[in-house]
């Protein structure tokens, strides 16, 4: 039911909302896909990557370069984006997955920054800081105009299909294996699961969808710029995922929506205020997003999604919904890796 | 428990903000302001009197729906020193225009947006301005990447975009199109103006250093191309490309000194240029070689302050402290009265862009895009630094550049450029043949 | 009673580990806490030390409630833990390991000093400058106990001290613990090794699945085949 | 760039040039060391990768600027600022630990990344609100404004001063860590915080002190750099944090000696790299980091972390 209602809303949206809001919705859809793909690493494997922006950017540049430098049809370019994303993820993952937690994060940060500096420095190929245009002429007609309903439906349809594939994937044996590995890699290794190979596969799939998101972003924006690969983009995706809730499949998508919406709404709210009181025009976007990040880290370890889920369950049990109220034992909580209680308490010389 | 934490967090944020506000309230820069003002005002009193005499009776207040203009800048971080002033320049121009009866009898209105120096954010904000605010025109941008992204948007959506600050020549030359115009100097005018002065001087052995992105490379190439054309014996013994926002220039400074060049051309801007100069001083850099800077306006002059070595050769788009023309002094005074600040280069450029747009709309007699675009081509107006023309072929304006060398001022509390050589933008602007060649190369 | 544990419940994350453990120790007593692997012995000691604070129940030490106090405060009140895996600081020398635990000498006479623990554990002195990570298992166990003593505790919590040690080493360890007992130290020791525990202790508790199943003197337990068979690995 | 290669070889054959370049690299290394050692210390004890460490450096510079302009008339105002700025930053660091970080030690490391990332955004905006976007700078103290001749080449006195201060800090830190009770406790807590607390050490207090100390080191680097002529602006944080990460990754996270070694390697490679291949000098740094991560992921002097 809620699924149908959601789908109905998405279909109705472009007819109700202004063109600009439709553009924002398209952006939310793309970042939702990016964040959910990121969560395959974060939530399902417990790995923090700061190189995800690079995979996103590589997808975008693949599409833009193919369209700009060759006469290849649009479809081929669109399909190449996720493939290149996956290929890059294969290389990055192969090298990075030998490393534990923090070194994994720092290594992906380093590799991502190298990719970023290549995009920035190789001006003759990528256009560098002047960005690389994806001209309207190179995109098939009905989807070539930003803010149009057809482009919106095109993006939403692809994102929905990709999310469906991801959903099926994480609810298959593969997804359960990943989660088992996250709880205890050593135990998983012990029962004969090739942990590294599974994680590499997860990394490649994550890169595939990140690349697709990057390709869509290039179509949506009509250009690509090295900033797509910058590590701060990865940090923002981390914020989206944690804000929405990493233990829920749809949590990061919710987080993406919230961050994009929040950023758009704080733009232009404060300038008059700051000009009057501080003599300068500022947006306070950093202050707002920073406060959200702190709040999530301290008060909302389960994210907004996790909180909603809890509230819904609580309401259900209060209403005495038929069958199993959560009377016995502790309420179904987060997986242990979120470390709500002593689960992550440092034991031994860690 | 959670409540307690919530309270603590809230208190923390509150304390931080209060601290910030109290710091600003104490006035970060208490010392020299008053003296400077008196100087500026003193020197402009006579001019002002004249203006008052000439002033016409108050015109009718503008009526009708406003002409809305979207303004896009990176308002914080490294660009703030240019863009905060630019917005004030835009505002000053708009209030003058509206006080004088508006444009086509209608008031002009600005909608300012922050780009965070990001092309992606800039395009999203542009879409918001055009679709939500329904602005008729676009102005602004700093950083060539953002300018290029907004320019592409303007091209696809057929909306006029006047680039008021960003300098990379690519925007109008290589990638120029019907809807993009630039009212400011570009890297060619600024670079070549300095080159014409350096061609008269004896230095031949050069090292160049510039930030490693489009603008930095354009600025170095545009300078060196002209210099070598005017003076073929000039040789470049090394090219250095530090990243933008580089905090430590020591290794670059020591490397340059080993080359023993006659002169060093530096195209860094803002904080990078300040870092380079201040860190180079104690190495005896300025006793061993001559620094030639892309430009040096108040932002750098003030920040380096009393340490500024004498004899740095640099261009400036608005050395108001030495310009005796009534137009320049009037702008300086008006701007000071409106904002309490001395105008930096951004203020002039924002002001000029607004005047250009208003004049074009007046000339076209309509706000319709194609008519205004036609009106902008070959438009000539008077600005605080003199008359400029927007060339019809590539939509590039030709403002003046002054080239001088640094000296500690006896009158003003900051160093200035002296022995200014005015270079007319029309003398050094890319020729139409050059623009055609660049466009063919794309 | 120097220590009274009353009906404590503990969780590790979501799993309920202790279901209402109660026990008490008198001054000068040596009490054994017996049970199989996973019965909740370590959790009980960690609970007393404040490392895994119980979610309900009360713990009083010398009449003061210590439940909910941070570990360092409990340690300063006179409780010391010698954990199961010793947890020697591997990068610190033997002397440094001892010095970390050294608290300012109490008013009471006979406080522990480095010299005094070297007297008791004669093997340690010649290892003075060696890194903790380079010690053998038996040496680490001695150091762990010595380190705990440096805080001048009134109650010593020994978690499976004999585990993984060679029989000869265990015997020497038992002797050292007995010397401590003779000095009047109150000790709560957990063990799977019944013999070692019964040799030393006055009384014993047997726990299983987080609950106390037997309580009595060492002799009573030694005679009670049923309890030993049901709850203890022999 | 053939020309530059020749200048490199000619530099190598001239001892004066080599010494001069080495010294230049050393002064860069010392600033990097101060920042990296704070980052590394905090990681070593608190097990937190503080992305906001660059913000501590930035606050050090801004505080120094603010103090210098406050005490503008007072003789020795630079020295007042140099001493007070790190203390102020240490206090702020301590407050941040108590109010924010303390609540998330038991959370997963992604929440820690997120929290410090949020701090970057907030601190940058607060600095921007307080000081504006204009570039600030302060002047070298008169005492150190000159230069001394090194093999016939002028070298700034201030850079010598900076090198000496940083080396003194390094030596002092080493002595504190190895020889004092506090240092012993810090090392114990770094290897096993739980056991340390069970031995009666007030670990939360110790964490606050260590975080304050680390932040203070970052602040000291910021104040010293401000005196060297680095332009002070709200973007200083992002500029420096990546370099600091590179240093600790190469040297080894959590290793004090590693910070020193990593800083020396990165600074000297950059210095000589610019002479050799100016176009790619800065890429060398990334190459070194990638190689180190592949061969010794825990850094040259670090220790492997257990999963």
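When the chains are written out, they are named A, B, C and D in that same order, and each has its own residue count from 1.
Convention: a contact is a pair of C-beta atoms (placed from the backbone, for glycine too) under 8 Å apart; a residue touches a chain by one contact, two chains touch by 3 or more.
Small disclaimer: the values here were computed from a predicted structure and weren't measured.
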Treat touching chains as neighbours: how many steps, at the fewest, connect chain A to chain D?
1
Quick check for you: compute each chain's CA centroid and the global CA centroid, then name the chain with the smallest gap between them.
D
Averaging only over C-alpha atoms, locate the centres of chain A and chain B and give their separation in whole Å.
37
Just give me the whole-number Å value for how far the CA centre of chain C lies from that of chain D.
43
Euclidean distance of C-alpha centroids - chain B vs chain C, Å
73
For the pair chain A and chain C, the C-alpha centroid-to-centroid distance in angstrom is 49
Out of chain A, which residues touch more than one other chain, so two or more?
278-280, 282, 285, 291, 294, 298, 341-342, 345, 348-349
Residues of chain B that touch two or more other chains: which are they?
5, 9, 13, 21, 24, 75-76, 80, 84
Per-residue overlap in chain D, given as positions that touch at least 2 other chains
100, 103, 122, 126, 128-129, 132-133, 191-192, 194, 238
In the complex, chain B touches chain A at residues 2, 5-6, 9, 13, 21, 24, 75-76, 80, 84, 87, 112-114, 116, 118-120, 123-125, 127-128, 131-132, 143-145, 148-149, 152-153, 156, 168, 170, 175, 212-215, 217
Chain D contacts chain B in the complex at 1, 3-4, 7, 11, 17, 20-21, 24-25, 27-28, 31, 66, 69, 72, 95, 99-100, 103, 122, 126, 128-137, 139-140, 145-147, 153-159, 225, 228-231, 233-236, 238-240, 267, 270-271, 274-275, 278-279, 281-282
Interfacial residue positions of chain A with respect to chain D in the complex
42, 46, 48, 95, 98-103, 105-107, 109-111, 113-114, 117, 185-186, 232, 235, 238-239, 242, 246, 274, 278-280, 282, 284-287, 289-294, 296-298, 301, 337-339, 341-342, 344-350
Which of the residues in chain D end up touching chain A in this complex?
43, 47, 49, 51, 100, 103-104, 106-115, 117-122, 124-126, 128-129, 132-133, 191-194, 238, 242, 245-246, 249, 253, 283, 286, 289-290, 293-294, 297-298, 304-307
Residues of chain D touching chain C in their complex?
181, 184-185, 187-188, 191-192, 194-204
